[in-house]
C-alpha cells in the first residue's frame, strides 16, 4: 500500500498542479486536430494527473475521487464511443468508420463531418486511455488489494 | 548453455539484420520508396478530404482509423488482463 | 444491405459485445456466457454468409471508411478466409459452450466476467486476422489475440504464471519479428496493403531487405504457430491453461496463426519468390519432418495427458507445415495443408475437451491413473477413442484423409522420405494413444469393497461438444472423400497459383 | 565505403539496440531483466520505423496556415504514416509492459523469487 504520510510541500504543490495538468490534458486533446496531440497523449496526461493524486496524498483520497467501478465503466464507455461511432456509420448506410456519412445527422458537409468524426473517436480514445492507464497503475501499485474490490 | 544459445541466435539475427540493411535507401532520402508511394496522398489531400491540418491525426483517425480502433482495443485488453490477474474480490 | 457489411460485422460484433461483459457481469454473472454465445452466433452467421457470397460473386473487398486500398484499410475475403473464419467461429462456439461448467469450477467467481471478456476479445483478434487484407492491421490483431491469450493462460492451474511469462516473451519476439518484417517491406515499397505489396514486390525480389523480411515474418509467425524449433512456449501454455482456454488456443488460435503464415507466404510473396530467391520450401519441409518425429517422441515420454496432447500438437503443426512445404512441387497444391488445418482443429478440440473433462470430473491428469475410467465416464471415453482413431488415421476419419493426401503429395514430389516419416509418426501415435486406451479399458481396476466404480459422467454442456466433434471427425472425413469441399480447395489453389503443375 | 556506413547510420544504431534487447531477453535468467530486454527490443523497432519517415528538407507533418485549399507539396512534409503506425506500436509496447509486470507481480507473490532457475513447478 502507499504510505499514509502527508507532506505539506508536496500536497500543496500538487493541489496547485493537478488542475493545470487536467486542463492541459484537455487542451492537448482538443488541439489534436491542429497541433501535436490527440486522444492518446491527452489521456496519458490526464491519467498522470490522477496518479499524482495517489502519490501526493494517499490511496484512499484517490479512491474517493475515482472508484473502481467508475474506472471500469469509463474504460468500457471510451471504447464503446469509438466502436459505436463506427456502428453509427453502418446504421446510416455506409461502411464501417466512414465518417462522411455522419453529415446526415450533423450540421456539416461530408468533409467537415470527417473532422467531427475524428473528434468523436479521439474522445473515446482519451477516456479509455485515461481510465486504463489509471487502472493498470492502481492495480500494479497496490498489487490488486483495493479497498472496494470489484465483486 | 543458455548464454551460448543466446549468443548464437544473436549472431544469426545480427547477420540477417545487417544483410537486410544492405539494400535499404539512405537515411532521410527524399526519394525513398516510403516517401513516394502511399504517403504523398496523405500529405497533399488530407486537408481537403478531412479538414484536419495535423496529418498524423488525419491518418490516425480516418484513413487508418480501423488500426486505431484496435489500438484502443489492445489497451482495453491489457487493462482487463491486469484487472483479472491482480484484483481480488471484496473482502466483506 | 446487411450482407454487404458481413466482413465488418464478423469482427466488430464480438468486439462491441466484449465491452458490455465486464459491466453486465458486475451486475449479473450468469449473463456473461449468453452474451458470448450471442456474439459468436452472429459471427457464425456472418462467416457462413461470407462463404456463400464468395462462392457466388468471387472475392469480396470491403473498404473501411470508404478509402480505396493502398491508403485505407481493406478487408479481402476469398474462399480461404471464409473457410478459416468458419473453423474459428465453430471451434470458439464449441469452446464457449464447453466452458460453462468448468469455468465455474476452475476460476474464482469474480474472475468470470473478465474471463469471458478476454475470451471474446481473443476471438475478435482471431477473426480479424482471418479477414484483414492489410499487413500492419494483421500485426495489431495478432497482438490482441496474443494479449488475451497471455491473460487467459496465466489464470490456469499451478505453474500457469511461469508458462504465461514464457509465452509473453516468445510471443513478443514473434510479434516484433513480424512487425520488423512488415517494416522492411514498408521501407522498400512504401505500402502496407497485401494486394498492393504483391504488385509492387516482383521487381524488388533481389533486394536483400525483401529477402530478410520474408525470413523475419516466417520466424515471427512460426513462433505463433509453434513450429518445431520455436515451440518452447507451447507445451507449458497448453498444459497449464484453464480447460476452455486449452481448447480455444490449441484449435482456433493455432490454426489462425497457420492461416496468417500461409496468407503472407503466398499472398504477399509469391511462389516464384519463395522458390527462386530464398528457396525456403525444402527447409520448411525438412523442419516439418523433424517436428513430426520429435513431437511424437516427446509425446511418448509424457504421462500428463494434456501435455502429451500439446506435444502431439507440435507434430501436427509439422503435418500442416509439411503440406505447405510440399505445396509448390505437387499437383495437389495447398490442399493437404488446408485439410489438416480443419481436421486437426476437430480432432484436437475433441481430445482437449475430453482430457479436461477427466480433470473436471475426476481430477485425473496422469494417464497412469486412468484405470477403470472407461466404465466411470463411458461417453467421454468413447469420444476420446473416436478422436484417437481419427488421429491415428482410421479410414474414413479425417486423420486418414490428411495422411493420405500428404502421402500422395510426397510421392508426387518424389520425396519418399516424407512417406516414411508419416508412417513412423503414425506408428508412434498408435503407441501413445493405445497406451491411454489400454489403461482406460483393459487394465483391471482394483475394486475394494465400498469403492466400486460407478458411472459418473461429465455434465451435458461438456459432453455434448466433445461428442459432436468426435462424430464430426468421421462425418467430415466422409465429406472430404465425397468431395464436398474440393471446389473450395481448388479455388484457394487457383488464387495462389498453386497445384496443377 | 565510409559514405555507405554514414548514409545508413540510423539502421546500424537500431541493429545494435535491437540486439542488446534480444540478448537480454534470451540470456538473462531474471524475469525483470527479461522484461527490460523486451522493452528495449520493442523500442528499437519503433526507432527504426520513425527513422524511415525522415526526409531531408521537410518539416513537421502539420499543415500551417489554416486557409482552405492551400497547395501542399509532398516533399515539404515528413511522412506521417510511420508516426501513425508507431503510435499503435507504442500502445502495444505499453500494454505488453503492463501485462508482463502484473504477471511478474503474481509470480513474486506465489514463489517469492524472480530467478527463473529457482522456480520449480510440479509436473
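Chains: A, B, C and D, in written order; residue numbering restarts at 1 for each.
In this section, a contact is a pair of C-beta atoms (placed from the backbone, for glycine too) under 8 Å apart; a residue touches a chain by one contact, two chains touch by 3 or more.
Bear in mind the structure is a predicted one, so any value in this text is a computation, not a measurement.
**Q** When I count C-beta pairs in contact, which pair ends up with more: A-C or A-D?
**A** The comparison resolves to A-C.
**Q** If you average the Cα atoms of chain A and of chain C to get two centres, how far apart are those centres in Å?
**A** 36
**Q** What is the distance, in whole Å, between the centres of chain B and chain C, each centre taken as the mean of its C-alpha atoms?
**A** Their C-alpha centroids are separated by 26 Å.
**Q** Averaged over CA atoms, how far is the centre of chain B from the centre of chain D? Could you give it in whole Å?
**A** 8
**Q** Touching two or more other chains, which residues of chain B qualify?
**A** 17, 21, 24, 32, 34-35, 38-39, 42, 48, 53-54, 56, 58, 60, 62, 64-71, 73-83, 85-89 - these are the residues of chain B that touch more than one other chain.
**Q** For chain C, give me the residues that contact two or more of the other chains.
**A** In chain C, 15, 19, 22, 64-65, 110, 136, 140, 143, 147, 150-151, 154, 186-187, 192 touch at least two other chains.
**Q** Using the touch definition from the top, which residues of chain A touch two or more other chains?
**A** Within chain A, the residues that touch at least two other chains are 34-36, 72, 75-76, 79, 83, 86, 96-97, 99, 136, 139-140, 143, 149-151.
**Q** Based on which chains touch which, is the overall arrangement a line, ring, star, complete graph, or other?
**A** complete
**Q** Report the residues of chain A in contact with chain C in the complex, numbered from low to high.
**A** Contacts found on chain A: 69, 72-73, 75-76, 79-80, 83-84, 86-87, 90, 94-100, 149-151.
**Q** Across the complex, what residues on chain D touch chain C?
**A** Checking each residue of chain D against chain C gives 18, 22, 25, 31, 34, 38, 41-42, 45, 48-49, 52, 81-82, 85, 88-89, 92, 95-96, 99-100, 103-104, 106-107, 110, 116, 119, 121-123.
**Q** Would you mind writing out the residues of chain B in touch with chain D in their complex?
**A** 2-3, 5-7, 9-10, 13-14, 17-18, 21, 24, 26-30, 32, 34-35, 38-40, 42-44, 46-48, 53-56, 58-60, 64, 67-68, 70-71, 74-75, 77-79, 81-82, 85-86
**Q** What part of chain D is in contact with chain B in the complex they form?
**A** Residue positions touching the partner: 7-12, 15, 18-19, 22-23, 26-27, 29, 51-58, 61-64, 66, 68-70, 72-77, 79-85, 87-88, 91-92, 94-96, 98-99, 102-103, 105-106.
**Q** Going by the contact rule set out above, which residues of chain C touch chain B in the complex?
**A** That would be residues 15, 19, 22, 64-65, 67, 70-73, 108-111, 114-115, 117-118, 121, 124, 128, 136-137, 140-141, 143-144, 147-148, 150-151, 154-155, 184, 186-192, 200, 207-209, 211-213, 215-216 of chain C.
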